[in-house]
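You will see two complexes here that share chain A, one where it goes with chain B and one where it goes with chain C.
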Partner chain A sequence: MKTFRSMVLVSSDPISMKRGAQDVFDRLQAEIKAYGLDEEVSLAMIGDVGRHDALPLVIVYPEAAVYGPVNAEDIHLLVDEHLYKGRIAVDLQASNRELSGKIAWLNTRKGTLPAEQRIVLRRAGIIDPTNIEDYILHDGYTALGKALTESTPIQVIDEIKKSGLRGRGGAGFPTGTKWGFVAKEKSVKKYVICNADESEPGTFKDRLILEGDPHSIIEALALAAYAVGADEGYVYIRGEYTLAQERLKLAILQAKEMGFLGQNIFGTAFNFDLHVHSGAGAYICGEETALLESIEGKRGQPRTRPPFPTTHGLFGKPTLVNNVETLANVPPILLNGATWYRSFGTPSSPGTKVYTILGNVNVTGLIEVPMGITLREVIAIYAKGMKGGENFKMAQTGGSSGSIIPASLQDTPMDFDSFGKAGVALGSGALLICNEDTCVVDLAKVLLNFFRTESCGKCFPCRIGTQRAWEMLDAIASGRATLKTLDQLMDLSVNLYNLSNCGLGQTAGTPIKDILTYFRAEVEAHIRLGVCPAGVCNTKEAVH
Partner chain B sequence: MSTIKSLDDLSRIREEVLEKHKAKAAAGQIEVIVGMGTCGIAAGARDTMKAIQEDIQNNHRVGIIVKEAGCIGLCEKEPIVQVVIGDRPVVNYGKVTPGVARQILADHVAGGKIVKNHVIIL
Partner chain C sequence: MPVETTKSNKVQDVVNAAIDRHGATRDELIPILNQVNQALGYLPAEALNEISQRLKEPRSSLLGVASFYHMLSTKPRGRHVIQFCESAPCHVVGGREVWEALQEELTLAPDETSPDGKWTLITTSCLGICGVGPVIIIDEDVYGNLTADKVPDILARYS
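Right, the complex of A and B next:
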């Protein structure tokens, strides 16, 4: 494989194409050839990167210079300045416009911790989680009291709908709509469930909320129960989270004592009881229907949908399942109103998102920032840059069920819609930041190893597909694969997505699709040259 | 504490707690708060907590309330200890080993001198 010193990317979304991205691409190709740089510079098209103000875009790596809007006439200058002379063509650079919707607040930061926007974590680490008084002092249970005494369930659901809150577990389904589905079911018995089976590798936001602020989840579940007409709830906590379980159980006892749980809460006719159910270590039980099976005492395997849990959930009754972070957003929304909540984040994804940062960066940890911040900002501001000044190569989002985000997408606002358009997923909020010493094949192999062992085995595309995908990746890594393997692998990732019964199998193909889309050259190097460009894989295991 | 039957009950209790806190602050109440999330514990917060309790006992320090809190998400700086003395500004310390904890108790809590090289600004 050729090694390229520079990579040039041209945006190819519909708007860019309309504005002449193809001309730009052709001219780039011609100019690069004219300068004799075609051996050194690679040229490719990329999808939507979320900069709609400056299309078509040309992005040049490793400098990550963003040019736009670029005409075919500008190309000569761009190639001459940047690629030939090696300096950034300042005149053509895209305006340094705020890349994400809300960023002015960054200027207000002070000290070592840049200003975050803490909504769900506002009490974590501040209050004593074992003391209900501390929670009450910080506006605790006020939202519940107000809702029960002053609002109807319909009004509560409307407020959540208006706030635009979307599920924080990964899929981003509108929360208010889901509540509406359960509320309109006619059933004497309904359940609300908090999904705290946070098993995505690298994600620990839910643990932090439960350990630092357990009462907020109790309050949110009571609110959800009131809104949808349920009188019983479960918190399904991952088995390894013993401290979170302890603290939540204690919090439930305290809440019962003070009358926030039980009969006639706040003197109204509303009754609500809450149980804690411990998981036993299966990744699949974070999938909502497998979670229901597990609570029912059965083997944790996903159900076939439809019917959805909103109509036939726990014990066949209408059931609402929400993620911890989603629920933690509910009391503040009801306390401060939907308009207040919409002032954070982007119009399509209001509010904040909790991210856990890990990998080759200077500062790891957990942040809560508005939706729509970009990966570049997260790395530069919160992670304090790459460790040892290395180059950023890619990020893996959302534990294992997210996407691999190449450096070319680091300016895409991180919200559900922008990521969806760019063809990647936000996942549950873990950001594994990788430098150039990380091999994409090795990374995908690790992820598929996780999926093949965690596949529950119910449906064959996932059970066999994840195993075969891992074997193929292993073959590539150890130099036993052929180029045909890549086609088979791509095929398999499509089949995993289309045929699997639940999210596990559907997302298992994502890392494969991502590495073959964004890092094809690096994958092929393993096969064509028998070399791992990052120096991770031992491709000499087998003889060609 | 009594059962809450209305919003008024809730605000009454909040007032009571607030009064209690104010009274404590006015009386120069000393609170030492250790971040005890799983991450803090993994970084050694239990040892820090133990050292603080032992130090208080061994040196017969009185009037100090030792509390635990969750994690604030600053994993790099764990274990984190917060010192609140009356109504003075809160001081946060990062990477508090048992040794540093003893130093904080001796210099800051007893002596009123902030241990500058371990302070983190949140």
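Right, the complex of A and C next:
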């Protein structure tokens, strides 16, 4: 993929098409060519962008200018003003008023960086994470003070429910609902836990939040504890994140000194104490019941569910477990209100998402953007195109338990529901972007190697299934497989999903299902022709 | 033998320090094991015996925990421990070539220690520094954006 100065996108949902989006597209193509800009400007049709009040829409990046409704007659002006002269064609811009529940368009930022929408990372890199006063100056602990003195726990939960916040650890469970489950348990002892065992390959968003803004997690956990009726909390941080652990421990000390943790917080009857618990290197401890076992000092093996942690969690008490990024959304929601929060993202998945961009692209790193952005936008704008002008082949989302997204799905809005409908998963927010030199069999083999290593061994479908799946992929990669192997592999993927005890085994078959669905010909070439089309696998002898 | 006594005393001291700091309860087991492992480089059998007695927990259960987590080791390790990330993000940006270069230099299988006790090579899952893959960590030093030709120079820095 080449790097372009600008990218122009035209909405192509059924309504836009009916209103002449195709004509708009054709005129754009002609005008861009007429101005001699076709080497500098890329043009593409995108699907439903979630905003239906001004269709068809034309969106121009990197300024993120939204024009609509646009008809073919407007195109000359648009191209002349925006793409040729470089100023926003103000007369054609879509109104900015009705944003609630739709994709909130990124604010244009003067300069060269593409705009981001930062909510959970709004302080990271701006404040001194070792200084509580810096945090307080940037609205820190305001949401906690407001909630403790002005709202009841039920009102706090209702606000979170109204905001539509969904878990950012991968599953996308509605956060307010989970809080409600714990709140309604009648128990004198309850716990709130922050799951910071971030181990999904390619994911380091939680590390950046903890390292850059540790007080936001303390404040969020205090709010969660107040809402569900808990008085003690843990942050379970993976053992490898030593800096994050140090920062958080320091932040807890500071918060205790200032009275944001401990007894009678903000002069109310609310007490809350917080501990940091270090992991010791085990991917499975990110599974919430394995995490509980680990805090109790045991092997991190997932429990059988039900009962769920919301009723029988840490030391058998009702326990709330939330991911770092999920929690980081809580203080801004309670400070600014659910309506404000819903002005970002899509109706079914409000808010922003932090993505880590990795792989064969020009710029790797981390971005926070509204839910509903597409892969094409991420690659062209934030990753500044594919490295060396190579073609985009696929992306692997959400670490190892995400999906393999083929190029044909790169215009699907990245939110929980749109991805769910397309049969793929958003996962934890890692976007591993691969060019055509990546072999799907080799990639799946690496992923299954991860699962067979990290399987805790408690239930046999996962313990044996992940090993067997890796062996079959290895057989394909080294030219020892037959076409029957593919059927067995598909069966195994289904069985892993149906029979495994926890999410690790259940999602371990996803890469297999994805490569056989989207890249079957490439897989079969290893068997039928004895050739790896990407030139990665050595099909003539056993490897690795 | 004087050497043995010294060693035992050291193990005893380390275990005592860890238990004093965290408390002799089961839910502090992993922090205790972490601290002992860091101080001694691994978890020798006598350390596990001692912890088992102090916490009044069976040795089998302690060994179960010690062998479960990657960051805990029940075997002595080399003077320098190389962690090689074998997860997908590092793999697709050149991790395979780095692995081959490591193999060429060290000829160690995963989890193996060299006969001279200098190197231990460990393959690990994601280390969370994927933005600069491929990544290896030697002791506490992180090497990112690695290429195969840099490997010999990096290894030569350690004695």
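Assume the second predicted complex is superposed on the first by the 431 of 544 C-alpha atoms of A that agree within 3 Å, B and C clash if a C-alpha of one lies under 4 Å from a C-alpha of the other, contacts with A are read in each partner's own complex, and residues count from 1 in each chain.
Convention: a residue touches a chain if its C-beta (ideal position, glycine included) is under 8 Å from a C-beta of that chain, and two chains touch if they have at least 3 such contacts.
Only a predicted model underlies this, so the values are computations on that prediction, with no experimental measurement involved.
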First, second, both or neither for A:G365, with chain B first and chain C second: both
First, second, both or neither for A:G535, with chain B first and chain C second: neither
Which superposed partner A:R207 touches (first chain B, second chain C, both, neither): both
Partner chain(s) touched by A:E133 [first = chain B, second = chain C, both, neither]: first
First, second, both or neither for A:S278, with chain B first and chain C second: second
Interface residues of chain A shared between complexes with chain B and chain C: 204, 207, 241, 364-366
Contacting residues of chain A [partner chain C, same complex]: 198-204, 207, 238-241, 277-283, 294-300, 356, 358-360, 364-366, 396, 399-400, 430, 432, 434, 438, 442-443, 446-447, 449-450, 453-454, 456
Interfacial residue positions of chain C with respect to chain A in the complex: 25-31, 33-34, 64-65, 68-72, 86-89, 91-93, 124-133
Of all residues in chain B, those that touch chain A in their complex: 1-7, 10, 13-14, 17-18, 21, 33, 35, 37-39, 41, 67-76, 80, 120-122
Of all residues in chain A, those that touch chain B in their complex: 110-113, 121, 124-131, 133-134, 136-137, 141-142, 145-146, 149, 204, 207-208, 211-213, 241, 243-244, 257-260, 264, 266-267, 363-368
